[in-house]
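Per-chain residue numbering starts at 1, and chain names A, B, C, D and E are given in the order in which the chains are listed.
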Amino acid sequence: MTEIVSSSSPAFVRPTAARRDIGIKRRYAAERRFRAYGMVAIMTGLFFLFVLLWTVISNGYTAFQQTTITLPIEFAEKVIDPKNERAANPSKLMTANYPLLVRDALVKALGIDPKNRAEVKKATEMVSASARMQLRDIVIANPSVIGTTVNVSLLAEGNIDSANKGQIDLAVEESKRKVNDQQIGWMKTLTDSGAMTKDFNTGIFTFGASSRPEAAGIGVAALGSLYMMLIVLVLALPIGVAASIYLEEFAPKNRLTDLIEVNINNLAAVPSIVYGLLGLSIFINFAGMPRSAALVGGLVLTLMTLPTIIIATRAALKAVPPSIRSAALGLGASKMQTIFHHVLPLAMPGVLTGTIIGLAHALGETAPLLLIGMVAFVVDFPGSPMEPSTALPVQIYMWANEAERAFVERTSGAIIILLIFLVVMNLGAILLRRRFERRW
Amino acid sequence: MNMMSEAAVEKALDQKMNAVPFKMIGKDVSVYYGEKRALFDVNLNVRENTVTALIGPSGCGKSTFLRTLNRMNDTIDNCRVTGKITLDEEDIYDPAIDVVELRARVGMVFQKPNPFPKSIYENVSYGPKIHGLARSKADFDQIVEQSLQKAGLWNEVKDRLHEPGTGLSGGQQQRLCIARAVAVSPEVILMDEPCSALDPIATAKVEELIHELRTNFTIVIVTHSMQQAARVSQRTAMFHLGNLVEENDTDKMFTNPDDQRTQDYIMGRFG
Amino acid sequence: MNMMSEAAVEKALDQKMNAVPFKMIGKDVSVYYGEKRALFDVNLNVRENTVTALIGPSGCGKSTFLRTLNRMNDTIDNCRVTGKITLDEEDIYDPAIDVVELRARVGMVFQKPNPFPKSIYENVSYGPKIHGLARSKADFDQIVEQSLQKAGLWNEVKDRLHEPGTGLSGGQQQRLCIARAVAVSPEVILMDEPCSALDPIATAKVEELIHELRTNFTIVIVTHSMQQAARVSQRTAMFHLGNLVEENDTDKMFTNPDDQRTQDYIMGRFG
Amino acid sequence: GVAIARDQIQVAGSSTVLPYAKIVAETFGETFPDFKTPIVESGGTGGGLKEFCKGVGPETIDIANASRKIKDSELETCKAAGVTEIQEVKIGYDGIVFATDAGNAELKLVPKDLYLALAAEIVVDGKLVANPYKKWSEVNKDLPDVEIAAYIPGEKHGTREVFEEKILAEGCKEAGAKDVIKGLIADEKAAAKACVAVRKDGLAVDIDGDYTETLARIASNKNGIGVFGLAFFENNADKLKVATVNGIVPSVETIASGEYPVSRPLFFYVKKAHLGVIPGLKEYVEFFLDDQMIGPDSPLAAYGLVSAPDAEREEGRKAFSAGNML
Amino acid sequence: MNTSLILLLIMIVGFAAYLAGRSRAIATSNGKLSVLHSLPGYHGTYAAICAIIPAVIVLAVWAIAAPAYIDSGLRNALPETVLSQGAATAELALGQVKSVANGLNLLDDAELAALNNGSANLRDVLAAKGVPLAGEGEAYMIKSAAQFNQMTATSRVLMAVVVLLIAAAGAVFALRGISAPFRARNQVERVMLWTLMLASSIAILTTIGIVGSMLSEAIRFFNSVSPASFFFGTVWDPRFAAAGSEATQGQFGLLPLLAGTLYIAFVAMLFAVPIGLFAAIYMSEYARPAVRSIAKPLLEILAGIPTIVYGFFALVTVGPFLRDISAQMNGLITGNYVSFIQAQSVLTAGIVMGIMLIPFVSSLSDDIITQVPRALRDGSLGLGATRSETIKKVVLPAALPGIVGALLLTASRAVGETMIVVLAAGVAARMQLNPFEAMTTVTVKIVNQLTGDLEFNSPQTLVAFALGITLFCITLCLNIYALYIVRKYREQYE
């Protein structure tokens, strides 16, 4: 090529250079393929995410609605406190026969013959058994309602709720469904009269566990998860970062530190249930911490999350170019200062990714909680991490195994809540990570 | 191409510089880094088989201009180029243009040596490999040896070709980067201060290389050494604060520049 | 120190160089990178308030020797130093020594500019901050301005102090690193080719800075430019293949060196 | 550790008993506002008993739910750890039903057919051979002409043992395989085991999860037959078609009367030493045993528990208040 | 004074020491901080450390030792009749005494007097105060409880005094030591280093804990099952002896489980690694920042979806899909519409697990790739390399150490996963090579043997512990091997 330039060639006329073949077509094809692979990869990932979310959301959005039956409840004194001894013995109000009030109201609303016991039973079954608690709370909060009639919105029983949302196939023969034809008729009556409505289901957020789907919520589980995640975040992040810094920056490179490195990688491969065994024997049996407590769960999940954070952090620390370290050291910064002022901030995106992934894992994990008693039926809200509680994935797991139809949608509903919890939890880390990201 | 004797070519070039065709033409080139404008309507043409030296105080835009010539600016996020630059009459900023081919034709040696974290051998054979310039191991060996020799590094590294390139001294790294660029035999070679970390002897080697390359290639070199510019280039362009102050035959530039600022700069205390 | 006039100091220094006390003493210094030996029993002393230039061909061990003086070698995994180096009679390789303090006293400008990926201001103020050289914002502002001015960078960056230091041109980065090192006011400043990416005017600024610093500080500078060595240094040491060939008064070195290799190198084709 | 007396009952154990225990615990908490609602853990009978047998004291659990009787070896471990006083309480029966997708024709099963379809080895011409049947119709031409696909409880489940005992062993006998096997294997235990070994070629699938999983598998393979608890089946009767065994349709009545052959008793075990120490424990057990809870007309029965006969329940209550121990 | 209050006080002392130390250091410097060896902040921190750390250590020791001491005293003081009934009874009695003690604190003097002279029933009195008491409570308990309360109170006061004194002493000691040449920074950094070391020792303690919590039960398992038949057995059938063998013991062959574990993890990696890596490359090298900042967190959601959801996804969607599509394919080719992929298969489990693992690869690798300095990319692009060539030949090799770490983490997660396998690949332990058929993994068996109806002290349950330890050792060996490989590879470059 460059067939040249001689003095005789007229100025500004260029000889057409015979271009070398550098396989440009093929390489561009490869480039396009490579890029396409990347796109396809992201699309695949997002596709699966979308499918999963779609499955969950389409199954679960109805969980955020709940059928209620609003009835005029007559708080009859002769039912609640026939002997008028509530002044002397307030606990009488606790144990009064509240279901009777519901029954009477229903019988009136539906116009059933009170003597027809079978029908009355079927009718009362339409209202959740938790109505007892609901009415009791009203009376305890305000004893003066006794003797008056008040409109109260009662939860419909789970199967009625499901039927009302169309989740029970009403076309199959009557004996094969949990809602019989008579109840369907009543449902229609109540709906027409405006007594039966579908409302936003606040209960799913605020209730504790219950064997009745309509009264079951993720309140306790969410609180338990919150406690545990706080513990994990407060312990795992600093410990993980500290350990990584030591191993990556300070530890002498010898057999021992190799062993520790391998060991940490290995801890990541330990099945999560084994961490449950560890928690059971160390925290509960040895240290005497309480069973079923979020504290123990948090500690177990911390140990489980640590390897993830350490591995991610070490990888990120490794990727910081040595010239940055030299620059700081050369100015008379101590190693500690160099690391904390320059290296760690540059490695921060990796650290935060490790944290995000580790926490996500911890948030969704059930198996280790099984052995420390957190896969349990817990009704009362834990006042502290020392008290019994469950966790969101546990609640999901338990609901997934329930027989009642109404739990199917609630399972998906709980998954949606868990994912929202996850996104909220990670949001801070994600924003922080974006701030630390920079190219140089 | 070797039909003419080297001396003859040189003579022809020196005498009829103005008759030499333009290899690259820069017209009204402006560069912005975000808000900041780094180059102001630069009109600078690079002649074929000629060494063009870019001089000017630090931060005046020499590297920036150099980078526009093979579109290395594209890799800087907030960098924007306006104006027109052609290579063999093709607009290199035309969306239809192929950047890869462009960069294969217009090679670059960067200001800060940046060897790959690979062995010395791989550093040099990288370009030929991706461009398919060699097939057999023997071909590669030959290219690597020749390129390292041209860059004056062969003797120092021939026993450690498979050690990492990052373990070399600063000057060695710089020469490695030169060898790497030369190995691809581009049509135009852009060199951003190729001798800044080199001792006089190594510098001489590189200058010799430039001299040699010039017969076949077009070279643009950024340098801070007036002597070097005078020694190796036929044309010199002087930048100041993002403006092209003057472009002229090197001889003229160093003896009788048109612009006062050039005069001041060149006569500046020392070189 | 300031009791004497500057000129007097200079004269005294020039005339009685041999009477000037040693700031740092290197005795039988050898350095190994893994198996490879990069320095062979170097005996080189650095005199107080003197500029010592290290010259020699690329790869001869200048940077390596420089790095031993403030133990930056410690950060290279497979690097091993033998022999003894003292600073003010203290052995700096003594395990009891505080490396951090040592490096605060013996500052360094690296061969490849390596600004922190932070703002220009933070780059310069970092050293003073960790060493407690300033307290108020005003103090810092002053130090930053002074240091940048000394490095000849102030005018170019004064409007963009809070932009990233990595967005500067090569030469600007180099000056930034000089400013950063000067801001700490160490007793000894090691400069590894501080002017390699600088144009003559900026170079002059830095040389002026060196000249100025010399009254209060001890300076060791690696340079490839014989002229520069001649201009700025009082003592010059010549390395070759890891050996210290000769160390002498600069004047003598450049006029009448003791060693043939020095002669050859200096008289080498050009500088 | 620091032992502080608990004010909340802790229960652990079988996942089969869990739904019943949950209902009782919840109702107990509502009915006795003075006591906190008990914590009911799930973790399997074995896991529950293991915790139960850790010792006595407020840091150990009070009740272990079990879907089978406690084994002798477990009892020994318990006693060695100081848990000497254990009260056994039977709460009722769990019916085990076979069901297939609701869209299928009704299935009439007999143990013999199930044995022939699912056994690992069957007798052909007086010799034991690997089960050759691939389709139900090959086993019995009255059965549908579809590939055998049975989702049976995995070995971790107590239900599996019941299935083996009441179906496979029975079928083995009916098919006349038992005698052949006895002739081949001298050891009686080993022979009995050979009778109930299930084929492992993928046609019989063990389910270690819960019935939800079995349901999902049937949903994705409409020809599959699954094993369910009666309660679970009743809640999903619209999606499933139950199979008769020996011509009997499983229901609370047929199971209670013993007509339907496949069921198992459910229990829980109480630490007597904790009675009266853990507040509400005694009341909880009594509440559980009340007809209000486990009688034929109770919420547990409504959920699907098969109540024990009246006399048996009465006996259970008496045994508990008498403090009878194992 | 309770422990957290004391802790708070120590922190306050520490904070005060910090402030004092700082200002004292500043005062010492006479306005020229550079005469100080260390910044005033370090002097302050040093003072705070001196105040806090010894005090907290003493506090911790005290808080653990004192109750144990008091308990043992109390236990010994229990009546002979109680003690003779064995340790368990004594423990229960002790617990009761503590409940009583708890209740006594709530009583007023009159009620106390009534109790002491026996005119009031202990249980009723306490019940009225909301303290439930098991049983009637015996007379000795009141005395014991009172003693307990008194000892506890004394211990608390003593502890508070001692600990706070130590804190103050520490602070004074540190403050007096402040001088210009004092190397406070070095001291503080030494403490920091110890803290870092302590943090990394947690990993080791965890390992010890894991091995410790499984070892004794694993040994019990090996006492009844021969290690040879466990490690080299090819049949997993815990309830059935091998045909024709004399032993009545079931067969605990590890190999089918191990094969399944490795196979499924391998398939999952085969799925997750290319997708994850390409996604990472696309995000870090090609995508616009806006796309990246959305896609990355979205993909990370995949890591947080509970595994049971994946399990059901496999069971309900992926498994049947693969089965049906294989039937279709088979039909198109051979005319015989029989599926060759089972609904539950290694493939199903691998794919679904792979989906979960995508973000492990993509996010971590993306961070590492982004960290590769631009100069390297420029070097390659400047030679005329395409972006993909640059990535493949320069960026990825430079990022390799970090990426390998991410991949190891991913593989680890794949080995440790349970729920997906249970639902996607089933629980049948089979030894075979066909990815379209069911297999199961070690972790599945660990979980199932631990949580079932099985007798808890039979080999069938104990085998879970043996499996746990074995898996631990095997993955350890694999990790050692991986480290060895990585080292060997890295030597060429770094």
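A few comments on the model shown:
Operating definition for what follows: contacts are C-beta pairs under 8 Å (C-beta built on N, C-alpha and C of every residue); 3 or more make two chains touch, one makes a residue touch a chain.
Just so we're on the same page, UniProt names per chain: A = Phosphate transport system permease protein PstA; B, C = Phosphate transport system ATP-binding protein; E = Phosphate transport system permease protein.
Note that the structure is predicted; figures quoted are calculated from it, not measured.
Under the contact definition, chain B and chain D share the contacting chains A, E. Graph distance from chain A to chain B, where chains that touch are one step apart, equals 1. Put simply, the chain farthest from chain B by mean CA position is D. The chain occupying the central position, as judged from C-alpha centroids, is E.
Compared on C-beta pairs in contact, A-C and A-D come out with A-D as the pair having more. A centroid comparison over C-alpha atoms places D as the chain most distant from chain C.
Work out the mean CA point of chain A and of chain E, and you get 19 Å between them. Chain C and chain E have centres, each the mean of its CA atoms, that are 50 Å apart. Taking each chain's centre as the average of its CA atoms, chain B and chain E sit 57 Å apart. Look at where the CA atoms of chain C average out and do the same for chain D: the two points lie 83 Å apart.
Multi-chain contact residues, meaning those touching two or more other chains, occur in chain E at positions 185-186, 312, 374, 384, 386, 389, 450-451.
Counting partner chains per residue, chain B shows two or more touched chains at residues 100-101, 104-105, 112, 130-131. For chain D, residues touching at least two other chains, in rising order: 2-3, 43, 47, 209.
The chain pairs satisfying the stated touch condition come to A-B, A-C, A-D, A-E, B-C, B-E, C-E, D-E. Considering their complex, residues 253, 322-335, 337, 341-342, 346, 438, 440 of chain A touch chain C.
On the chain B side of its complex with chain E, the touching residues are 70, 72, 75, 100-105, 107-108, 110, 112, 114-119, 126-127, 130-131, 162, 164, 166, 177, 180-181, 184, 186. For chain C in complex with chain E, the residues that touch the partner chain are 98, 100-101, 130-135. The touching residues of chain E, when paired with chain C in their complex, are 29, 33-34, 36-40, 183, 185-186. Every residue of chain A that touches chain D in the complex is listed here, in rising order: 91, 94-95, 129, 132-133, 168-169, 172, 175-178, 209-212, 284-292, 370-371, 373, 375-380, 388, 398, 400-405.
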